[in-house]
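In C-alpha cells below, several structures.
In what follows, subunit A forms one complex with subunit B and a second complex with subunit C.
Now for the complex of A and B:
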C-alpha cells in the first residue's frame, strides 16, 4: 500500500492539471459552443508570463498571479471572443476547430517572438510552499505544497463552476447562448455580454491551470501544455464535454494511473515504452467508441443558422472568360519561368528550399482533397506522410527495394491506414472526427514511430544513395527538382480532375449536406473512406518526397503537432483549391527561409503569420489568397468594363 | 443495386411503427400502406409525428418497434442511402441542399447516383472522362424544365431563396426516378402559383410514370389536388384515413385540427 501511494501521489498534480484543463474545455464548450483547442496555448501564455514576471522581473508571487491569471487570462479570453469566436457561425464546426488550432500553434510562437527564446525555470507555487511537507499519507509518503495547491485549486474551481452553471441565471443564459446566440437575443438576453463573460471565466480558468501546473515542471515549455491538452481532451471526451465532475475524475485518473504504472512497469518492457505513453490515446478512443454523446456533438443546430451568408464560390468558377484565359495563361507562364529559373540561375541553397516546398505542396494537396472537397477534417496528415516514408525506408533497408518504388508501396500503406481510420470513425462527424484523427496521430507519435523496428530509434534511418537508383542528391544536379515537379504536377492534376469529376461532385454533396446526399443515394461511408484513402496516399507520396531530399527518415519529421500546423497553413492560403495547397507549400518554406535572416527570436514568426491568417477562416473560409484573388479579379473586371465603355461607339440620341 | 418492382397495393407497408424520444412518444404503433402509383396525403397538426414517421421510413431514424417493408423488402437494417437506391425519393421539411453546387450539379449528382454509382467513377475522373454526357444533360434538362428551373440551372444554390431551394430539392429527388416520393411540406415557402405548379407536377408524375407519392402538407388545398386518399395523424397515432372529403368531415379529425369536442 505504501509503495502504491508512493507511485500514485506524484501523479496527483498532473491528474489535477488534466482535470482543470478538462473541466475548462467542458466549460468553454457548454457556455460558448466552442471546443477550444487553443486552451493549452492560453494556459501556456499565463504560465509563461507568471514565471517571467517572478523570475525575470522580480515581481512578488501574488502580484504576478493577479496579473497573469486575473488580468491576462480573462483579458485573453475576451479578446478571443471579441475578435474571433464571436464572428464564427454557430454551426461551422470546422471554423471553430481551425481557429482553436491556430491559437494552439500561434500563441507559443508569438510568446517566443515577444519575449525571445528564454528558458524559464523555477515557477513559484501558489498558496502552499513546494518545499514544505505538510503531512504524510500512511507512514512515509510526503505531501508537499505542489500537491496541495493542485488539489485545493482543482476542487475549489470545480465547486464554483458547477454552482455557477447549474444554480445561477447567468449559467442558464450561458448555456442557452451556446446553442444559439441569436435566438437568446430575441428573448431579450444580452448575448454578447453573456458570451463575453463565459470567455472571461474560461480564460481565467486556463490561466489558473497554467500557473498551477508551472511549478510541477522544471521549465515552462509549450510542449508540456500541448501534451497536457491531449490528456485533458481524453478526460473531457468521457464527459461528452458536458459533465464537469466526470471530466475531473477521469483527468485525475489518467494522471494517477500513468504515474503509478510507470512505477510498477519495468522500463525495458513494451508496456512501458509503447503502451503507457499511448494511455491518453487509448482513453480518448475508448470515449469516442463508447460515449454516444460524442457522436451527437454536431447535431445541435442553431435554428437561425440559415441567416448566415453562404461561402463565396471559388474565383476560378465565376471570373469572366476573358480574365480566365488571361489567368490560365499566366499560370502556365509562371510555371515555365519557375522551372527555367530552377534549372538555370537559382542558387542551390534556394533550390533546396523550394524543392522542399514542392514536397510540402504534395502533402498539402491531401488536405485540399479531404477538407476542401470532402469537408472532413483530419489532424493526422503528417502522420500518414510518415507511414509512407518509414515503410519505404524499411523496404529499402530489409529488401533492398528502390526507395521511390517503396514510396509508392508506402503511399498504399498510408492509404490503408487512412481507410482504417475512416472505417473506425464512420459514426463520428466534425469535432468527433477531428479528435479521433488526433488520437491516431498521437498513437503513431508515441508508440509506433519511435519503435526501433520502424525508425531505428529517434535518430531515424539514413537514406543511402544506392536506394534511390539515380543520384537525386548530387550537388549542382537538378534530378530531385525534376522528380518533385513531375510528382506535384501529377498529384495536382489528379486532385483537380477528381474535384471536377463524379467523385468530386459526390464529395461536394456530402460536404454540403450528409442528410441530403444520403437522401439521393450517395454511399456516404464509401465516399468517406475513399476520400480518406486518397488523401492518405497523397500525404504518403509527399512524405516520401520530403525525406528523399532530407536524406533521413526520423520520427521528429512527422510529429503530430505538424499535422495541426499543416491544417492551419493550408486553411490560410485556401483549402478548397489546388493552387491553395501549392501556395501553402511554397509559402511555408519561403517564409521560413527569409526568417533565417532575421534575429533569433523571430524564427517562430512563420507559425504566427500562418496562424494569424487562419484566424480569418471564420470570415473568409475560402482562405486569404483566394480572398485576394477574388478582390483582384473584381478590380480587373471593373477595369475591363470601363475600358469597354470608353471604347464603345457613342449611341446617337433620337432626333 | 437493382430496384425491386412493386405492384399496386404492396409498395410500402408500415406496420406497428413506434418511435420515442426520451419519455415522449412521437410515433405510436402506426400502420400505413402505399400502393404503386398511389398518392397518399399524410396530414395532421404540428407535433403529430408525420416527419418522424418520414424519417423512420427513410432511415434517418431507427424505429423502436414495428416493421417497414418496401417492395417486399424489410428496410429496418438498411442505411438511408441504400433505401434511396431502392427507389425512395425524399424532400425535406428543413431544406437539405448542397449550397456550393449549382442547380444543374444537384441534379447531375442525383442522376449519377442512379445511373453511374459503380466503383469505376474514380478511374473515369482521373482519365478525364467525367464530363456530363448529352444523355445525362438531356435527363437533367427535362426535369429542370418540368419544375421551371431551366433559367437558374447554373446558379449556385446558396444564392437561391427558400422557395426555389424547395423546387431544387424536388427536382433532385425526381431525377432519381423514384418509385415512391416522400414529399415533406413541399409548398412551404412557395407562393400560390408555385404551389399549384408543384401540385400539378406531382400529379402528372403519378399519372405518367406511376410514381407513388406520400405527401406531408399543411396546405389542404394542395393535398386535395394531389392525393387519392388521406391519412390523418395526431399525437403519434393514425386517427383517420380514407377519401379526402370523408376524412375531413370526421369528428376525430376536426378535433385534432380544431380542438373541438
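Now for the complex of A and C:
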C-alpha cells in the first residue's frame, strides 16, 4: 500500500495538469461551440510571458502574474474571438478545427520569433512553495507544494466553472450562444458580448493553467504543453466535452495510472517503452469508440444557418471559356518552363529544395483528395507517409528490394493502415474523426516509429538511392528530379481523374451532405474507406519520395505535428484543387529556404506565416490562393467585357 | 422599457407603449432590398402593420417571405430600404436590439436550443426585455397554458418531437407577450389539431393588443386570422389589401408566370407592377427558381463580389 501510494502520489500533479486543461477544453466547447486545439498554445503563451517577465525582466511574481494571466490570457481570448472564431459559421466544423490547429502550431512559433529562441528556466510558483513538504500521506509519502498547488487549483477551478456554467444566467446565455448565435439574439441576448465574455473566461483559464503548471518542469517548452493537450483531449473526450467533473476525474486517472505503472513495470519491457507513453492515445481511442456522445457532437446545428449565403463554386468552374483557355495554356507553359529551368540553369542547392517541394506536393495531394473532395479531415497524413517510408526502408534493408518497388509496397501498406483507420472511425465524423486520426498519428509517433525494428531508434535507417541504375544522389545529376516530376505528374493526373470521375462525384456528394448522399444510394462507409485508402497511398508515395532524397529515414521526419501543419498549409493555399496542393508544396519549401537567410529567431516563421494564412480560412474556406484567383479572374473578365463593349457596343445591349 | 412585467396569466395584455398612440403603424417596411451573397431575394418590398392588426404574408416557395421576416427581425441585413418599429428606424440593428424593442420572431423550422432543457429554453426567453420578475411564476403560467411542456421540462429540447419543438418556440414568445410577433410557417409539420391550438393562441395574442405578421403557406388559415394580406411574388409585392381580394391574387401568383402570361390577363388593377416587370425581364416564361434573381444578370459570384 505504501509502495502504491509512493508511485501514485507523484502522478497527481500530472493528472491535475491534464484535468485543468480538460476542464478548460470542455468549458470552451460548451460556451463557444469550438473545440479549441489552440488552448495549449494560449496556456503556453501565458506561461512563457510569465517566466520571461520574472526571470529576464525581473518583475515581481505577482506583477507578472497579473499581466500574463489577468491581462494577456483574456486579451488573447478576446482577440481570437474578435478576429477569428466570430467569423466562422457555427456549422463549419472543419474551419474551427483548422483554425484551432493553426493556433496550436502558430502561437509557440510566433513567441520564439518575438522573443528569440531562449531557454526559459525556473518559473516561480504562484501557489504553495514547491520545495516545502507540507505533510506526509500515510507514514512517509511526502506531499510538497507542487502537489498541493495542483490539487487545490484544479478543485477550485472545477467548482467555479461548474457553478458559472450551470448556475448562472450568464452560463445559460453562453451555452445558448454556443449553439446558435443568431437564435439567442431573438431572445434579446447580446450574443457578441456573451461570446466575447466566454472567450475571455476561457483565455483566463488557459493563462491560469499555464502559469500554474510552469514550475512543474525545469524549462518552459511548448512541447510539454502540446503533450498536455493530448492527454487533456483524451480526458475531455470521455466526458463527451460536456461534464467537467468527469473530464477532471479522467485527467487525474491518466496521470496517476501512468506514473503508477511506470513504477511497477520493468524499464526494459515493451510495456514500458511502447505502451506506457501511448496511454493517453489508448484512452482517447477508447473514448471515441465507446462514448456515444462523441458521435453526436456535430449533430446539433444552428437552425438559422440558412441565413448564411451558400459557399462559392471554385473559380475554375465559373470562369469564361476565353480566360479558361488562356489559364490552361498558362499551366502547361509554366510546367514546361519549370522542367527546362530545373534541367538547365537552376543551381543545385535550389534544385534540391524544389525537389523536396515536389515530394511534399505528392503528400499534399492526399489532403486534396481526402479533405477537399471527400470532406473528411485527417490529421495523420504525415504518419501515413512515414508508414510507407519505413516499410520501403526495411524492405530495402532486409531483402535488398529496389526502393521504387519498395515504395509501392509501402504505399500499399499506408493505404491499408488508412483503411483500417477509416473502418475504426466509421461512426465518427467531423471533430470525432479528426480526434481519431490524431490519436492514430500520436500512437505511431510514440509507440511504433521509435521502435528499433522499425526505424533503428532515433537515428533512423540509411538507405541507398538508386533508380534504374542511376545514382539519385549524384551531385549534378537530374535523375531524382525526373523521377519526382514524373511521380507528381502521375499522382496529380490521377487525383484529377478521380475528382472528375464517378468516385469523385460520390465523394463530393458525401462532402455536401452525408444524409443526402445516402439517400441517392451512395455507399457511405465504402466511399469513406476508399477515400482514406487512396489518400493513404498518395501520402505513402510522397513520403517515400521525400526520404529517397534525404538517404535517411528517421522518426523525426514524420512527426505528428507535421500532419497538423500539413493540413493547415494545404487549406491555406486551397484544398479543393490539384494546383492548390502543388502551390502548397512548392510554397512551403521556398518560404522555408528563404527564411534560411533571415536571422536565427525567424526560423519558426514558416509555420507562423502558414498559420496566419489558415486563419483566413475562417472568412474564405476556399483558401487564400483560390480567393486571389477569383479576384484576378473577375478583373480579367471585367477588362474583357470593357473591351468587347468598346468594340461592339450594339451587340451587348439588353432589353 | 417595461421593467415590471407581471407573471403571465392565460390572456395577458401586451404592455402598452406610452409613446405610441393606438391605431398607429407599429411596423413599417419601406422599399426593402435584400439577398444572400450574390442571390437577390427582395426587390423593393413595402408594407405596414398597424397596431393590433394581423397581416398575412403569403406567396409561393422562394417568393421572399422568410427573407422579409428575417430582415424585419434583423437576422438579414437589407442592402437598401428601411424598417421602422413604432416609428423608430431599426434598419441594420442587431437582432437582439430589435428583440428588446418588442419584436418577437419565431423562425421557420426547429427554433429551440437542442442542447438546453425545455425549462432552460423558457428561462432564456423570460429574461429578455427587462422582465426579470418572478421567473418561477412566469414559468408556472407557461406550463399551465402548455401542459405538454410541463411534463417535459427537464428533457433536452433536442429530444422533443418536431411539433413539441414548435410549441416550445411559440411558448417562448408568448411567455412575455411581444408588441409585434413575426411568425414564420408556424403550421409547418404540425398535426391539424395542434395547428388549431397554435392559431387560438395567436388570436388571443392579437386580442391582447399585439400586432401580428404571419408568414404562412396554409393560405386559408392565415386569411382566417388576418385582417389584411400581403402577397409576395419573386421578391416583390404582388398584392397588398383586404383579405377579401387576397385569394384571387394568391391563385394568380401560385399558378406561376407561365399561366398568366399565356392568358395575357395579369389583372393590372389588383396585381402590383413588380412581379410583371420581373417576368418581362426574364423573357416571360421561365420556370420559377429558388431565389429571385436580378434581371439581366448572370447568376454568379463575380457579379457581386463587393457585397460578399
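A few remarks follow.
Everything that follows uses one rule, which is that the second predicted complex is superposed on the first by the 643 of 655 C-alpha atoms of A that agree within 3 Å, B and C clash if a C-alpha of one lies under 4 Å from a C-alpha of the other, contacts with A are read in each partner's own complex, and residues count from 1 in each chain.
The definition used in the following text is that a residue touches a chain if its C-beta (ideal position, glycine included) is under 8 Å from a C-beta of that chain, and two chains touch if they have at least 3 such contacts.
From a predicted model like this one, the values you see are computed outputs, not experimental measurements.
Once both complexes are superposed on subunit A, the partners subunit B and subunit C clash. In the overlay built on the shared chain, the residue A:634 is in contact with subunit C alone; subunit B does not reach it. When the two structures are aligned on the shared chain, A:523 is found in touch with subunit B, with no touch to subunit C. In the superposed model, A:500 lies in contact with subunit B only, and not with subunit C.
Using the contact criterion defined above for the overlaid structures, shared-chain residue A:190 touches subunit C, although it does not reach subunit B. When the shared chain is aligned, subunit C comes close enough to touch A:175, but subunit B does not. By the document's definition of touching, neither partner reaches A:265: not subunit B, not subunit C. When the shared chain is aligned, no partner comes close enough to touch A:420: not subunit B, not subunit C.
Mapped onto the common chain A, subunit C and subunit B collide along 184-192, the only clashing stretch among 112-120, 166-174 or 184-192. The interface of subunit A with subunit B overlaps its interface with subunit C at residues 310, 313.
Looking at the complex, you find that subunit A touches subunit B at residues 306, 310-311, 313, 494, 497-498, 500-506, 508-509, 511-513, 515-525, 530, 534. For subunit C in complex with subunit A, the residues that touch the partner chain are 36-39, 70, 73-76, 94-96, 99-100, 104-105, 107, 109-116, 120, 123-125, 127-129, 158, 172, 281, 296, 300-302, 305, 308.
By the touch criterion stated above, subunit B contacts subunit A in their complex at residues 58-60, 79-82, 84-85, 89-90, 92, 95-101, 105-106, 108-110, 112-114, 116-117, 121-122, 124-126, 128, 130, 156, 158-159, 162, 169, 172-173, 176.
Every residue of subunit A that touches subunit C in the complex is listed here, in rising order: 169, 172-173, 175-176, 179-180, 182-192, 300, 303-304, 307-310, 312-313, 318, 630-631, 633-634, 637, 654-655.
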